[in-house]
Amino acid sequence: DPAIVYDMGGKFDKSFNEAAYRGLQKWKKDTGKPVLEFEIANETQREQALRRLAERGANPIIAVGFSQAGAVEKVAKEFPKVGFTIIDMVVKHPNVQSVLFKEHEGSFLVGVIAALTSKTGKVGFIGGMDIPLIRKFQCGYEQGVKYANPKAEIFVNMVGTTGAAWSDPARGGELARSHFARGADVIFAAAGGTGLGIYQAAKDAKKFAIGVDSNQNYLQPGTMLTSMVKRVEVSVYDALQAHKPGLQILGLKEDGVDYALDQYNEKVIAPEVKKKADEAKADIIAGKIKVADFMADPTCKY
Amino acid sequence: MDAILAGTLLASTLRVATPLILCALAGVLAERSGVIDLGLEGKMLFAAFAAAATGSLFGSTVVALLAGCGVAVLMSWLHGFATVSHRGDQVVSGMALNIIAYGLTAVLAIAWFQQGGQTPPLGDGVRLRPLWPEASATLGPVVGEGLFAHNALVYVALLLVAGVSFFLYRTRLGLRLRAVGENPNMVDAAGLSVSRLRYLALTLNGVLCGLAGAYLVLAQSAAFSPNMTAGRGYMALAAMIFGRWKPVPALAACLLFGFLDTIAVRLQGVKLPHLGELPVQAIQALPYLLTVVLLAAFIGRNVAPAALGRPYVKEH
Amino acid sequence: MSAPALPRWADVVLLPLVNLAAALLIAGAVMALVGQDPREVLSLMAKGAFGTLRGFSYTLYYTTTFIFTGLAVAVAAHGGLFNIGAEGQATLGGLGAGLVALWLGAHLPAAVMLPVMVLAAAAFGAAWALIPAYLQAYRGSHIVITTIMFNFLAYTLLVYLLVNVLKAPGSMAVESAPFAPSASLPNAQEVFAWFGIEWPSSPLNLSFLLALVAAVLVYAYLWRTRAGYRLRTVGASAGAAEYAGIPPAHQILIAMGISGALAGLVGVNEIAGVNRRLLLDFVAGAGFTGIAVALMGRNHPVGILLASLLFGALFQGGAEVGFEMPQFTRDMVVTLQGFVILFSGAMAYVLAPYLSRLLHAIPAVAKRGAT
Amino acid sequence: MNDHAAHPTPAPPLAVRMAGIRKRFGPVLANDDVTLEVASGTVHALVGENGAGKSTLMSLLYGLHSPDAGTIEVFGKPAQLRSTHDAIAMGLGMVHQHFMLVDSLTALENVMLGAEPHALLARAERMVRPRLQTLMESTGLRVDLDARVGDLPVGDRQRLEILKVLFRGAKVLILDEPTAVLTPQEAQHLFGVLSALRSQGTTIILITHKLDEVMRLADRVTVMRGGRVVHECSIGDTSPAQLAESMVGRKVNIGRPVAQGAVPGEVVLEASGLKVVDAMGVTRLHGLDLALRAGQIVGVAGVSGNGQSELLEVLSGLRVPQAGSVRLAGETFAPTRWLTPRTARRLHLAHVPEDRHARAMVLDFAAWESGILGYEGLLCYSGGGFLRRRRMREDTRAMMERFDVRPRAPELASGNFSGGNQQKLVLARELGQAPRVLIVGQPTRGVDIGAIEFIHGQLRQMREAGCAILLVSSELDEILALADRVVVMNSGRITGERAVEACTEAELGLLMAHTEAPKAEALA
């Protein structure tokens, strides 16, 4: 039976890991098969977990999060018969499936939505920590904003430099307030658990916030403008269904990323905004719009 | 424009400083009575959890506040039981409380709310809202937004600074408390109970920590999430030492920390003259760096209470 | 309470065990409260930590790190200083080891490389501790604050370097490129392989021996050398030190220097020994655990070794339980550690009087206690 | 309740009755079947060697510890003294051997503490102040109530302690070595106060090592040795010599021996123009000159707090003066490059500090570790940087033998020796290094007469051996018993210098008492 190893955030981080968790739950329900799970508590456990699970005959083993790459690489060598899946990172090995998402494309879309929804022409971005993944979100988001409103102003803040940066809603709320005070009326949060504080602050200030990874619209209905969803649950589900080694890159085209529209936010997204967003989406898929990828070009020129 | 900036900086400084102030005062009380309190972080965290949990269950601010303070007081008493009644090491006890709080809150939250350690968000009815939201409209950005658009706990914290200094320096109990932190033998010889005084200090300390924790979930955000105190307890401890174990200087230190933090937030991504845009980390390091610099520049030797950290042994 | 004093053997052996039992009892109650079977958990833990060779290797690997931080805190404490900054000093130690590995790894053979990494780790850790020490000694800046601040600064510095300088380009992960083979400390598996002994793969590596050596050296330094005598004098009585012509300022610098160096060696274990690349968060709170370890070990190397082993077992055992029982979260492990620190550390002597009454009820013991 | 008392109860009602008291501290049996009966309205002296168990007995009476066995009655009522609170309630008050004051608080706050009549300090002070004023009038115990205790001279602190006790309405006053830190004048004054109190009906228990005080003030006296009562009688029926003998268990010759006509050698230490300004900006030493000759003891007399401590610190290298210089063993030191304790030792200058707890030893080191404090650098103790632990233990044991330190336990923590024995250990260490210059502060403070006799003997031997000795003591008779030359210090100046033969206690007392500094007269 298969196994999954979550990243530090834990399977209930309301965003990335939780998406994987949902995919797993769905698969469990559909197939009724058991699945082994483990939450990392420290760096060493990554490798320990993968190895332990492999030894217990788990197959495939899904490692959620780029930080697991090193461990996967090592353990995959030791267990060539076991299939591994790593999400958000590439590990080149015959028995490893690597899943990447084009977060920049999804971020572009929510950027467009943010810019079009903003009345002040000022929008915010709050990232958990200043690391490449977050810059990738930021880069795509900025492009989207500028695409929809070249004169738009964007405030950027990173929460912190320690692990606590991903679980400090109080500070998140404070950062959000400072953006609002500067006139921003939409904030895109890519900060894990810290986001909850940001969404709350948006609600208190009657401004908009944009969720990340999972569809977080339900958290604060009415002030959650939308969420940049990363369909981790889908890829986890597929991986559990049929593990196929090799590289998968999921973007808008593959429906790997998207902006979320559901009963919680259909009222807050204006029809013309939705129209523009969908056009942009079509253009990106059609290749008419090229969204710069921070990973390809760290300067994020566009 | 600048008025608005000043106003928001001021407002944000106060909001950020409030939990630090409450914890620092708690620390002052405990350590002035001779009991080192490294457990501020843990008490604040557990209080936050208790407040959030009860708040969401009973939907009542009062209950939430009481629960927060109650739990923190219980932890203070445990600290007292270990260190005052049984002369355990005060530093270890504090560390232990921090670690227990860190783990146990998460365990209980997961077990009771099945949301991976988060508690359900509190309704606006439960949360502490600004007393006078329109303040900025009527009084202008600086005074209004900066000073008058806050929730009750912010003002309570400021009042408590006055309250604690009055208690310490103007009342009988305060006198005894300071004495027991300086020379417990003398207090004992004077026919007073050293442990009773220290328990009193710890009780008040618990209440203050409880308020700090409740503030995090009732005012700053709306739900508990694991480890949400994120080191504030240690910053408060630093502020207390920075303030030389005195309430008002401690307040100043907290405000300073709050201000530096707010400034740092503002400077992120801003192009500075000559320097250009500094890396985010440099800005984030600023508050800590400046604290050290100020400490080295202005503050001389800290004068800790003479009996701080020494368990009182009747012999000798 | 005037119960007769415990006989030494009971104080050293029996009491700690009783305290540990009490801690497990309470933690067990908590587990039961959240619907887990304590007995199963504990047996899984014991098995996980000591049952298998690999499990034991993991236990010893964690132990190694705690020995370093525990010794660090203890040395500072003997100098009368509260080093709450082992966390940051360990981070810098890793950075030191990492930097030399990345710069020189390609050019130097292991025989040269590894000692250099050890030295670099110690040097960086010491340097990071010496700044607060200097401020305490000559500016009176309270070391408790400055070391707290330096923890934050250390994290920040590491993030900056990893993200902007050391990160392997094009990679999402916030970590440096892997070190050259010459820059990785042999682990138990490799070492035993030299002697043709089969050993399971685990993070346990040569730095465990380094830790043991460090413990011996710390003991010798503090209690067998003149320098250690002076350090302890300053820690125990500043006035007496002055009278004896021992400048406290120097001793503060020495104490923190050694303390920082020891903490820095955590970097050797985690970076050179295990991860073999520089990454974020590799200290993971070991600096704070070190405070508990030192105080539980009563600031004595032997005590610290035992306390480290205990905590190593808790970490490893906890992880193993996590594998077997998914609903047993990592937070449960943390809670358990907390209770152990509380009972075996802070409340170490709560049970002593009752225990000694119990013992003195037994005539044989009473006789021995009397002598 | 218990009639197996050692003595038939005397006629006047008993204020305190302790019977069959036993108290053990770990290995030490501090009190062993002790019986003490104190008639009310009398002064009862309690004497005995260091470690005899006097303080312990009193701490039991005052509820600081509880006895392992025995009964206590106060004014005929059986007393269950669970805490000092109970003791105070029963009309007991104690002035401890070590002051029980909070330096950072004012005198008034210290007096009030625990007995504040109102929850608000301001109110309480307003209520207490007049009562204290009258009390100060009636007893003559005058103290500046608003001064920080830390700034008060010892005499005032002593008075403050007694005020504190009387303010709580104590009917039985326990004084543990009250005069140990007082000048003759202050002691004189204190005795006036005490006899006044007695005549007002207060009962007084007085612990002291000074037999003349006993003879002068006490009505009855109890002698303790090794935790037991060895003698109990009324003053009329005893003599100092007899008391001394029963204390020590052998004959001791007290008082001043015939002065040997020792010929002083050349000057080995010469200080000139020493000026010290303390942190508060107060000038403690006003350009002081002093010369020490080989084979001569120079005694510094003076009310404590007149610069003697600063003088000791400056000469031993613990404090750098603002101005002045000192010549020692051919080297000259100026403030820019003052001698450090280490150089001082290198130049064979040994120092026995006034405050043995804060400086002379590390209380939680084992005796054998404290036994080499300051000399750890010597090759014999740390060859090649490693401690020679066996050597350290052996030497410490030898010191303990030579100076009769009890108990002879090099492994025991320094802090667990009684005051007198700590002092002997320190002297043994410093004298053991055969110094050429010896700087001694209060060598016999709180030390029993057996030990005093011994210590004085040792100091005289040092002099015979040609050591130059500076002796600072608040005990005039100690100075008169030891010194060859006497220097009187008053507010940072030398107000007089005499050859010992030319000294009378009265005159010295006057020189010491002078508030404004007179011309340094008659420099013989």
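Quick notes on this one:
Labels for the chains are A, B, C and D, by order of writing; each one numbers its residues from 1.
One rule holds for everything that comes next: a residue touches a chain if its C-beta (ideal position, glycine included) is under 8 Å from a C-beta of that chain, and two chains touch if they have at least 3 such contacts.
None of these values were measured; they are calculated from a predicted model.
The distance from the centre of chain B to the centre of chain D, with each centre set as the mean of the Cα atoms, comes to 46 Å. Averaging Cα coordinates per chain places chain A and chain B 34 Å apart. Averaged C-alpha coordinates give centres for chain B and chain C that are 28 Å from one another.
Chain A and chain D have centres, each the mean of its CA atoms, that are 76 Å apart. Multi-chain contact residues, meaning those touching two or more other chains, occur in chain B at positions 110, 117, 226, 231, 279, 281, 284-285. Across the assembly, chain D contributes no residue in contact with two or more other chains.
In chain A, 10, 130, 161-162 are the positions where the chain touches two or more neighbouring chains simultaneously. Taken as a graph of touching chains, this assembly has some other topology, since it is neither a line, a ring, a star nor fully connected.
Pairwise chain contacts present here: A-B, A-C, B-C, B-D, C-D [touch as defined].
Against chain D, in their complex, chain C makes its touches with residues 2, 5, 223-230, 232-233, 236-237, 239-240, 242-245. Within the complex formed with chain C, the residues of chain B that make contact are 78, 81-83, 86-93, 95-104, 106-108, 110-111, 117, 226, 231, 234-235, 237-238, 241-242, 279, 281-282, 284-285, 288-289, 291-292, 295-296, 299-302.
For chain B in complex with chain D, the residues that touch the partner chain are 169-176, 178-179, 182-183, 185-193, 306, 314-316.
Contact residues of chain C toward chain B in the complex are 30, 33-35, 82, 84, 135, 139-142, 144-146, 148-150, 152-153, 156-157, 159-160, 163-164, 288, 291-292, 295-296, 329, 331-339, 341-342, 345-350. Of all residues in chain D, only 26, 66, 68, 316-318, 340-342, 344-345, 351, 353, 355, 358-365, 369, 373-374, 376-377, 381-382, 385-387, 389 touch chain C in the complex they form.
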